[in-house]
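Heads up, the next two complexes both have subunit A, just with different partners, subunit B and then subunit C.
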Partner chain A sequence: MLEHAYLIPLLPLTTSLIILLFFKEDSHSPAPYLGLAAMFWCFVQSVVIFYGAASGASALPYEANWTWFSFAADVAGKGFTVPMPIGILIDGPASVMLVVVTLVSFLVQLYSLGYMHGDPRFKRYYAFLSFFTASMLGLVVSSNLLVTFACWELVGVSSYLLIGFWFEKPGPAYASKKAFMTTKLGDCGLYLALLLIWAKFGTFNITAMTVSAAMPGYLSTAAATAIGLGILFGAAGKSAQWPLFIWLPDAMEGPTPVSALIHAATMVAAGIYLVGKTYFIFVHSDIAMGAVAWTGLVTALLTATMALVAYDIKRVLAFSTVSQLGFMMCALGCGGYTAGLFHLTTHAFFKALLFLGAGSVIHAVHTNDMRQMGGLAKKMPFTFATMFIGTLAISGIPPFAGYYSKDMILEKVYAYNHVMFYLLTFAALLTAFYMFRMVFLTFVGDDRDHEKHHHAHESPWVMLGPLVLLAFLSFVSGFGLEHGGLFERLVNFKLPEGLVPETEAPAHLGLYVTGLVVASIMLSWRLYGRNDFRLAESLKSRFSILFSVLENRYGMDALFLGLVAFCDRVAKFAFWFDSSVIDQFFVDSWGLVTTLLAELSALVDNIFVDRTVDGFGGLSMDAGVLLRSLVTHGQAQEYLMYIAVAVSLFTILILSR
Partner chain B sequence: MEHLNLLYPEFALGSLALGLLVSDLFVAPKHGRLLYHLAWIISIVTLCLIGFTISDGAHFQGVGTLWAVDPFSQFFKMLILLTTVLSLLMGLEYRELPSKHAGIFTSLLLMASAGMMFLVSSTDLLLTFIALELISISSFILTGFERRNPKSNEGALKYFLFGAFSSAIMAYGISLFYGATGSTRLLNVTQAPGPLMILGLLFILLGLGFKASIAPMHFWVPDAYEGAPTPVTAYLSVAPKIATIAALMRIFTLMLPASMLDLTSLFTLLAALTMTIGNFTAMFQTNVKRLLAYSSVAQAGYMLIGLVAAGTSGGDVRGIEGVLLYSFIYVAMNIGAFVVVQAVATEAAAAGAKDPYGLEAFNGLARRSFGLALALTFCLLSLAGIPPLAGFIGKLYIFESAVKTGHIGLAVVGLVNSVVSVYFYMRIAYHMFFKQADSAEPIALGPYLYGGLAVAIAGVIIFGIYPEPLIASVQSSAGFLP
Partner chain C sequence: MTLTHYLTLGAIVFLIGIFGALTRRNIIGILMSIELIFNAANINLAAFNRFLHPQGVAGQAVALFFITIAAAEVVVGLALVLAIYRNTDTVYVEDFSLLKG
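Let's look at the complex of A and B:
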């Protein structure tokens, strides 16, 4: 299985092309089943690879390369050939990611059978999903950073296409543009980092880079900092970290299964994964590591607070996603390589679950606004139960998955910096608070919109099946992966000495935090759980300024829109300058001068030159007539004569040297 | 006759071609397609025979009395046979052809190919001349094969006149050469070149230049190409051209190296002239066959650049490799373009168009058959040298070799010409994608055309994206004997 791992990205790619090119748009088209079959195969293969790695039967990392192209280069007068190998590299993190991506993608495609049923662009949707998955898998397994970058851009394109899937509505069209442009801004940083990597390492092969970087003194701190910051900026765009997180809440305009796949479980995790993949560069620079940690922390805190006041169920989940990604980023920056990627894995399961659950709710009541929901638990028991499990998991209640990974992160952060630890714990408490707020507002209490409540119904089994499976995984994946140090054995990075202070976290840290989390849930129950919102309303009116700041997302959107508007104005000014000043003044006045000169010249021309020319013209006309009488209209002869003339000319040219 | 056995694939092809000629007597005209099938199978068998000679150089390669069989010649022979196969496949789908004198047609085509195979192996002017005549006389008849079409007759007649003229020049050149050296052998020429010999070589060069359509010997090209049946046009625009370029390279860069006789400046002039005349004249054509004819003149000019680079004293082997590479790619892209042109023109003629090969016949092709329009666009972009298609790799290789050997001016002329060529190639694309079609009927593409097109397009795309295997095979084929 391992030696055929190249099939994993290529199979969905082929599938998507087949669906796109050969299938007809038709509500009964077999396109989804093709996509599902391909994804199931990839999933089976990934599981076999993962099992082989976990049981120790196959040795990771596994690498296979082919030469894509090679080119000649001159370095200091010495010429040699530089090969550009591409291939697959499967190490511990990749084997885990493969399982996560293929599983979530499979479940989302299954779920979409119900959710997207009857959409006029059904086939196209499945083609895009397969295309996205192929790009994402390519990103995961590539052994060449250049190919990783290409796949990185391709997931961006897929995300653009899927956010704007209902492009006839203004919201999705706007959101897709915003997402694309914001991530592109981040990609500039990544691109610069790639250039620096090429200049520094002379290769894009990750294994070769790792070997070089491990040599003492090969990678200077300054270079590592520059490269690391560039990668971080790119990752911040893709993983929606501060200050580039503005696009993710808007991206919720896309179909909900897409949000579950792309904007919760996989694509947004690509930034984290990339930082993990290039971790060997980051560890050479304290500044880069610190930047990663603080970016993650700021993101986790800011977006957790924004989620407190959102009423759109998908927006709450979007803010929560960004906040959790911040947790992972922060863990990576604090030297918690294993912890960050562990949280990435468990988060993929429970956040996909939460999104799919939210999709199920939206499918039932046809609104995103939680103020119009309430009391849905009785109508949709399965959705409620699974989402409740997901909420417990994300809040970090033992023994659910989130507890293990969040605990691991907090321990690492405690060892790194106490202030950061307290801030991050506060963010974790906020997480529990707003997630339970969401559950209470949606499922508990009285129905606030009788019409909608009356029509609500449980979703079909094709949608519930994935929910149940993901709920099961949210329950067991934390314990299962941590048990016996399995995850740590698979995904580990040996940090250099002295990078992170070795402070032991106090015993039972997790239990204290859990206690606080339970208290936070109680507070949430007090405010939103009992059909009595007076306290919440009074708080809202007392701190209205704070609320409006949060609702305006700290003005980050306004800031970026202002930036865009400013660029727009600069461009307009430049255009005005060009057309009014340069064109009018320089070009046109120069034109005037030349016109004058031309008129003068024409005068001279008419009087003196023309007459001479006319004389010659007449002469050559006469000569032409003479020649014509010699050379008749028979073309072949004429041509042959040209040849004869040319031959004579060449003869003269050669012999007269 | 030393080592006559080395030429056994040529003899096999020649005798089987004669067999086809005889079998024409026994095959009814309505079964003419049978002979076409036979002919392309014969070509493939010969292709395989040559393939075997590559694997065992010790037995199957060497120098004979008048010939040398080496990797270089075998590469070109395989290309020629490939072109023959593709042209015969096109012929199967050409309405005017298979029912009329199929035996004669196929036999002549194979004869011409046999002539080219002799030409690329020849080391003696006598054999060169005879091979050239074999090609020419077969081609004259093939060009005029549509007897009821006045254009075909006109093209054939012009072709014949020019052929006779250039044969005369060449024969004169050979006699001068004989007078100077006392032999027609090109191997081991020891005399210092005097004016007599130089003049002789110049005439030989121009005689060969006629077949390769090098300016100023290109005047016959548009008329002959326009008049000939389209499969023959495709064949003539590729096979004789690359064979003659190979012969030029063998004579002027290997057997008479620059250290002995420096003709670099003349070749530079010819290359620049050929490219410029071809491209600038193509700009004004409204008939696609004529347009492609002038484009093929220009393409010969690009190949000449490689010849210049290879012939410069202290020259670069990359020049030779560049010519090999470009020839290979040229086969794919030019034949691909002609396949589409034939399909479209057949449909247009059936619809009663005044000029089935006019640009108007391509109006709205993208609406009618998107795949076909895309395929033609790929071929044209490749001819213009736009990445990531194969033509770009070929041009890059050739221009790079020119720059490496100090012919920067020539490379610049080549680049400017490439830019100019985009204009007229894209004019066809413009008609296909942006003009309104008269009918919405998709273009029917027969199975043999489809196969030929698939092979050509695969070559154009695959070797554009992943040229390594092609470059590797070209590098191993650049070996010469002696």
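Let's look at the complex of A and C:
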């Protein structure tokens, strides 16, 4: 299985092309089943690979490279050929990610059978889903950073296509553009980092780079910092970290299963995974590590507070995703390589669950606004139960998955920096608060919109099945993966000495945090759970300024729009300068001078030169005409006479000498 | 009869030929005048041969050649005259002014 791992990205890619090119748009089209079959095969293969890795049967990392292209280079006067292989590298993190991505993608595709039923672009949807997954899988398995970058961009393209899937509506069209542009901004950083990597390492092969970077003194701190910050900026774009998180809440305009895919497995995981993949560079620079940690912390805090005031059920989940990604970033920055990727894995399960659950709710009530929901628990028991499990998991209640990963993160952060730990714990409390707020507003209490409540119904089994499976995974994946240090064994990174302080977190830290989380949930219950919103309303009116700041997302959107408007102004000014000053003044006036000079030259040419020439010509002609009239009458005897006279004259002349 | 006499005769015949060629209007007359010029030259050749190199025959031979060539020339000339006459219905040279500039 391992030696055929290249099939994992190639199969969905082929599937998507086949669906796109050879299938007709038809609500009974077999396209979804083809996509599902391909994804199921990938999932099986991933599980086999993961099982081999977990049981120690197969030796990881496994690497295979094929020739892609090569080019001639000339370095310091010596020419040689540089090969650029394309290949796969399956290491511990990749084996885990493969299972996560293929499983979530499979479940999302299964779920979409119900959710997207009857959509006029059903086939195209499945083609895009396969393409999206293929891009992400390529990113995961690639052994070459250049290929990773290509897949990274393909992920961006597919997210653009899927967020803007209902492109005839202005919202999705705008959101897809926003997502694309924002992530592109981040990609500039990644691209610069790639250039630096090529300049520094002379290869994009990750294994070779790891070996080089491990040599003492090979990678200077300055170089590592520059490369790390570039990668971080790219990852911030893709994984929606501060300050580039603005696109993710808008990305909710896409179909809900797509949101689940983006948030759990494909798009936003890419940034974290890339930082993990290039971790060997980050560990050479305190600054880069610190930047990662603080970026994650700021993101986690800011977006957690934003989620407090959101009323759109998907927005709440979107903010929570960004916040959780902040946790992962923060963990990576604090040296918690295992913790960050562990949270990435568990988060994928419960966030996919939550999004698919939210999709189920939206499918039932046809609105995203939680103010029009309420009391849906009786109508949709399975959705409620599974979403409740997901909420417990994300809040970090033992023994659900989120507890283990979040606990691991907090321990690492505690060892790294106490202030950071308290702030991150606060973000974790906020997480529990807003997640339970969402559950209470949606499922508990009285129905606030009777008509919508009346028409609500439980979703079909094709949608509930994935929910149940994901709920099960949200329950078991925490202790299942932590059991016997399995995850630690698969995903670990030996940090250099002295990078992070060797402080041991106090015992039962997780329990203290859990206590606080429970208190936070109680508070949420007090405010939103008892069908009595007076306290919440009074708080809202008392801190209305704070609320409006949060609702406006700290003005980050306005800031970026302002930035765009400013760039627009600069561009307009540049255009004006170009057209009015450079074109009209310099280019055009220079042209004018040239024209004038040319006209002057033409004048001189016409008057003096040409007329002189013409004059000589005319003179010859006139002389010719004159002489002709003198001598030529067409009389042969006349000519003969001239000859005779001339001969006589010459004869006389010669004889007289 | 000395060389001078023959040369004088040749000169007189030559001048008559020139005079005829310049003054005759009829093209046939001009052709005949040109024949006179030829024959003046032939007289001179024969005379020089007789008086300056009596033992050689080169001058007489050249004269014979000239007579032959003159005959050929007259053939061509008369053919041209005929062609011109057919086109213009005249034999007067002042009417032949096609090449007038």
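Keep this in mind: the second predicted complex is superposed on the first by the 604 of 657 C-alpha atoms of A that agree within 3 Å, B and C clash if a C-alpha of one lies under 4 Å from a C-alpha of the other, contacts with A are read in each partner's own complex, and residues count from 1 in each chain.
Here is the rule we use: a contact is a pair of C-beta atoms (placed from the backbone, for glycine too) under 8 Å apart; a residue touches a chain by one contact, two chains touch by 3 or more.
Quantities reported herein were computed from a predicted structural model and do not represent experimental measurements.
Once the two complexes are laid over each other on the shared chain, residue contacts for A:573 go to neither subunit B nor subunit C. Using the contact criterion defined above for the overlaid structures, shared-chain residue A:585 touches neither subunit B nor subunit C, since it reaches no partner. Legend: residue contacts after superposition of the two complexes on their common chain; A:422 is shown touching neither subunit B nor subunit C.
After overlaying the two complexes on the shared chain, residue contacts for A:543 are found with neither subunit B nor subunit C.
When the two complexes are overlaid on their common chain A, residue A:69 makes contact with subunit B while staying clear of subunit C. Judged by the touch definition given at the top, the superposed model places A:640 against both subunit B and subunit C. Between subunit B and subunit C, more residues of subunit A are touched by B.
Residues 636, 640 of subunit A lie in contact with subunit B in one complex and with subunit C in the other.
Note for the complex: subunit B touches subunit A at residues 157-158, 161-162, 165-166, 169, 195, 198-199, 202-203, 206, 216-217, 219-220, 263, 266, 269, 466-468. Here subunit C touches subunit A in the complex through residues 18, 21-23, 30, 93-94, 96-101, going by the rule given at the top. On the subunit A side of its complex with subunit B, the touching residues are 67-70, 636, 639-640, 642-643, 646-647, 650-651, 653-655. In the complex of the two chains, the subunit A residues touching subunit C come out as 628, 632-637, 640-641, 644.
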